[in-house]
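Think of it as A, B, C and D in the order they're written, each chain with its own count starting at 1.
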Amino acid sequence: MLEQLKETVCKDNKALPKNGLVLWTSGNVSAKDPETEYVVIKPSGIHFDDLTPDNMIVVDLAGNIIEGELTPSVDTESHLYVYNHCPEVLGITHTHSPYATAFSIAGEPLPIYTTTSAAVFGREIPLSKVAAVGEKAIGAEIVRCYRETSCPAILLRNHGVFTVGKSATNSLKNAVILEETAQSVYFARMLNAGIQPLDTSYTDEVFDFYQNNYGQK
Amino acid sequence: MLEQLKETVCKDNKALPKNGLVLWTSGNVSAKDPETEYVVIKPSGIHFDDLTPDNMIVVDLAGNIIEGELTPSVDTESHLYVYNHCPEVLGITHTHSPYATAFSIAGEPLPIYTTTSAAVFGREIPLSKVAAVGEKAIGAEIVRCYRETSCPAILLRNHGVFTVGKSATNSLKNAVILEETAQSVYFARMLNAGIQPLDTSYTDEVFDFYQNNYGQK
Amino acid sequence: MLEQLKETVCKDNKALPKNGLVLWTSGNVSAKDPETEYVVIKPSGIHFDDLTPDNMIVVDLAGNIIEGELTPSVDTESHLYVYNHCPEVLGITHTHSPYATAFSIAGEPLPIYTTTSAAVFGREIPLSKVAAVGEKAIGAEIVRCYRETSCPAILLRNHGVFTVGKSATNSLKNAVILEETAQSVYFARMLNAGIQPLDTSYTDEVFDFYQNNYGQK
Amino acid sequence: MLEQLKETVCKDNKALPKNGLVLWTSGNVSAKDPETEYVVIKPSGIHFDDLTPDNMIVVDLAGNIIEGELTPSVDTESHLYVYNHCPEVLGITHTHSPYATAFSIAGEPLPIYTTTSAAVFGREIPLSKVAAVGEKAIGAEIVRCYRETSCPAILLRNHGVFTVGKSATNSLKNAVILEETAQSVYFARMLNAGIQPLDTSYTDEVFDFYQNNYGQK
């Protein structure tokens, strides 16, 4: 069932440690199959080296396990909340990547200082409120921020990062570029506390250019 | 003798450099077998690449070598002190991981700013006093801090990190998450010197939720 | 066609993630063949692991695709602008390496504080202006800075790094040493905000010594 | 000729990038054979992946090439100066490791804040003066600092690190621990600018304990 999607989700989860976004067993990537509306997600507390397409978990949008012998990620309910409220989202990545998480602790949204972040995110990465304990509250806070800003990356206050995308791999890319952005901005802020974000007229232009010119057709 | 435990301890020691927690030959993981009360530990000054289940050392709680041809870790006596005084501890990890060690040099306990550290540690990571020279003094200082705080991770002043756990692998996980936590908090503090720890009512709730919902049953 | 150059350019592109200069699919290395004046460059949006000599793209100096089935890098026009205006340049590397990019955001050229950067770059690494959107504007800004300073490395304001060289591999080396330099200088500036660059009489002497004594003949 | 020593020196050179101490082709490890007084050193400008025991260079203490087809490291004369003036030194490592180099740029010796640095180095890591251009001047500055302090690690002002040892591998270990130390101290200084070094009575005791208890007999 959903063999190709399980392979993609497995590969994208394994890309998390490879890209320096997670340690140990934390962090996860999921995808929603647009036809069946089933969601494929990582099992809970399993090391990334031990993930295979076969131990990915398939759940429906209500959280019922459709396939898989292991307990799904503890964050499954947050992912489902987003898929249920944002039908255009087909992939979600969650990490505690260190530089982005630092901004979430420091309590600041991440402004756009680079052409790369302008090209990928368009505008400032929003910062959520501290979510109440429990996975539904986290999901609701992500949806609120995403609805308000249309930004596919959210700094979850005192927690970490959620990114969404039009596929699992697209959400993963957003998580990679977010951490790269947070890292450069962190260093730049240390060198010069007074740096100013790029003008939105400029970042809008960069965003449009990149969306229309990057990658293979 | 204790073949499975030697395999686990060997694997967990090799995970130290893989997770960026140690360099060269420093750092070590041990486990206590609850039946025999023998302790399995790494040999002293051997490179992690050269560790095998067969060159792990088995000692009793008095420090007598039961099996193994090499000299055990120079830190063996510290580990034994903890096992002797805290029978519930079945695994210990010791590292000089850079961010956590930085807090131990700076002379501060590490407050809880993230849901991850709340979930895993429950509350502030304590800072020990400078231990007198010698392995017993280090063991005693770890036991004092652990008894006073119940926190499974200790910042050993001007030295590094000791973590305990209900298995070698559990203590290793605590060491990984501690370094990840210290890293994010370090960056956050640089961005905003005035950040405040999360409320203990909130961190208690996160801790309870996570202890009951994470991983496989 | 240009089999050896495609192999070199492929290998040099794969060296970008290996040296910590890029993440995901961003960044690229190209080379100009001095005889045909064709340029070999990476395809757009392809993962570095998936690059092979066979999927490198060959274009002429006007941007016409001579060989290759994929869309060339979105940055091809910037590379071509430089090759068209600086015939002595035979290799170009572009990255968003984090420390160098931080200086480009902070808005500072990178002075020479180390013998290594003196030996490789001779003098201060220049900082460009913010380039207008579009690849030609980026190319023009690189050429302006390179013409004015003769420095083979440019900090592209709020964007990243362009380095040129007498081969693809030489431009790659310049990008590696630039990031290493930016990293050390960043840490040094944090330790001591008042550090002074080395005297140019000294850096000139280091540059001459190194250019005449390093490597194989 | 000196097959075993060439193998060791080759392996120790390859350990430089593995331990994050060097990038590209910079940095080098050498050893002196106590019987023949020949020195084995890395060739100049060759990538670490391409080093083999067979392309190591053997020179005598006057710098004559005894064996090897490539040009020896540009730093050979500095190494030879140290071997000629300090007969007890049998191994030398040179790197531009980023945190240690940062202290050399910032213009500070590195005080002892951790038990590890006390155990390995005994006391403060000295900072050299800026050496005049040329390898002999560098060698002379290293010897001056080493003679004055007996510390096997030297911060070479605005340049990088030289460490000596009783073997190539021992000098390499000193270079690894120096960088680890510099990293932790850097982070600690950022957290708390007022931290004080450990008392020398304490660091002397740690040094003695460690020298007599660590590793295999």
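Just so it is clear, contacts are C-beta pairs under 8 Å (C-beta built on N, C-alpha and C of every residue); 3 or more make two chains touch, one makes a residue touch a chain.
Computed from a prediction, not measured in an experiment: that's the story for all the values here.
Counted as hops between touching chains, the shortest connection from chain A to chain D is 2.
Between chain A and chain C, two chains of identical sequence, the interface residue sets overlap only in part, with shared numbers making up under half of the total.
Put simply, the C-alpha centre of chain A and that of chain B have 31 angstrom between them. Of all residues in chain B, those touching 2 or more other chains are 186, 190, listed in ascending order.
Listed by chain label, the pairs that touch are A-B, A-C, B-D, C-D.
By the touch criterion stated above, chain D contacts chain C in their complex at residues 23-26, 43-46, 70-71, 74, 96, 98-99, 101-103, 105-108, 130, 133-134, 158-160, 186, 189-190. By the touch criterion given at the top, residues 19, 113-116, 173, 176-177, 179-180, 183-188, 190-192, 195, 198, 202, 205-206, 209-210, 213-217 of chain A touch chain C in their complex.
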